[in-house]
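Letters A, B and C name the chains as they come in the text, with residue numbers starting at 1 for each one.
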Amino acid sequence: MDTELIQFHTGSETEAVDITGEVAGFVAGKGDGIVQVFCPHATAGVALIETGAGSDADLLDIIDHVLPPDFAYRHRHGSPGHGADHVLPAFIAPSITIPVIDGRMQLGTWQSVVFVDPNRDNPNRTIRLSFLRA
Amino acid sequence: MDTELIQFHTGSETEAVDITGEVAGFVAGKGDGIVQVFCPHATAGVALIETGAGSDADLLDIIDHVLPPDFAYRHRHGSPGHGADHVLPAFIAPSITIPVIDGRMQLGTWQSVVFVDPNRDNPNRTIRLSFLRA
Amino acid sequence: MDTELIQFHTGSETEAVDITGEVAGFVAGKGDGIVQVFCPHATAGVALIETGAGSDADLLDIIDHVLPPDFAYRHRHGSPGHGADHVLPAFIAPSITIPVIDGRMQLGTWQSVVFVDPNRDNPNRTIRLSFLRA
């Protein structure tokens, strides 16, 4: 399979990292098919949202509203709120597929591929990109 | 790739549009594989839920509960609550794959493919359907 | 298509059932590609989360927080809270794809495949596993 691990570094705060460029680079020249963006972490997800107009920061805020850090989680090791990080991937899944035509993702004008990482304790992150040719 | 854009019109209210028939028509006669339903919009998602028994309307109501329109969003252009529309695709993703055998989606009895569109400001909507043969 | 239905039994309580072993068994020996885990039910989802350290139980609790059983659902047949079960698949989708290399899922260390079943009224459950070779 045409597949690749991409390593990157996130900071000590919760982050929504735009990885559209990395995925676009991976599919360039590969023809038609689907690209799967897969995150092999138990405390992160992948989303397709607009970036650069406030919604990426809004997403981090609303995550804290939807999955409150101070909820009575059983899973409690690490930083405060780490229990919430561990249920996040059920709601923002770590796997998404995007159509590709002639080596270009068929995203809408305002869609970006975003790595959603609420976890402050692990700044070393990986994404696996895989291409299935049609 | 066997792929097609389907255009449709949503109204001026939030909507959960059943597009099962459109997807079924697209895969008919195509054999075995998976169909990817992809929405190239930054304010909509795709869900597999029961329709016609209240749950489609329930979904629109619970979206307003989970992602409150009056939350302090940074992204504020357009109608009230538009900030919420922009975080929705992180929770209800705009991409889903469904297994297809002998040209028929292998949905459960009560599953329908639903285009979830909270955005009142853009009634012109598109779905991209793509088929990957097994 | 290389596809298979797996039947299993869930109990009379809400459950997060670890099905990693079943999926691993299905892809073993199949080479490179993606496996699609698809749930043909309107009241269940599939998630990739850590199990065995509390987060699976946390997930069931937080689902009741995010999608309250006592919300004013139109869909009301069955057990109390069944209306919530029917909107769950919009947030925890019943379909996910996982990369496979040399017959092994490329999950992260802490990721398990979990069948999320809040429905107490239907203990007979099915998952469809499908493999797309790269």
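The working rule: a residue touches a chain if its C-beta (ideal position, glycine included) is under 8 Å from a C-beta of that chain, and two chains touch if they have at least 3 such contacts.
Computed from a predicted model, the values in this text were never measured in an experiment.
When chain B is laid over chain C using CA atoms, the rotation angle comes to 120 degrees (nearest 5).
In a homomeric contact, the two copies may use the same or different surfaces; for chain A and chain C, under half of the interface residue numbers are shared, pointing to different surfaces.
Averaging C-alpha coordinates per chain places the centre of chain A 20 Å away from that of chain C. The multi-chain contact residues of chain A, meaning those touching 2 or more other chains, are 66, 91, 93, 97, 132. Residues of chain C that touch chain B in their complex: 1-3, 36, 38-42, 66-68, 71-76, 83-84, 86-87, 89-91, 93-95, 97, 128, 130, 132-133. Chain B contributes residues 32-34, 45, 47-50, 53-55, 57-59, 61-62, 65-66, 91-93, 96-101, 106-111, 114, 116, 132, 134 to its touches with chain C in the complex.
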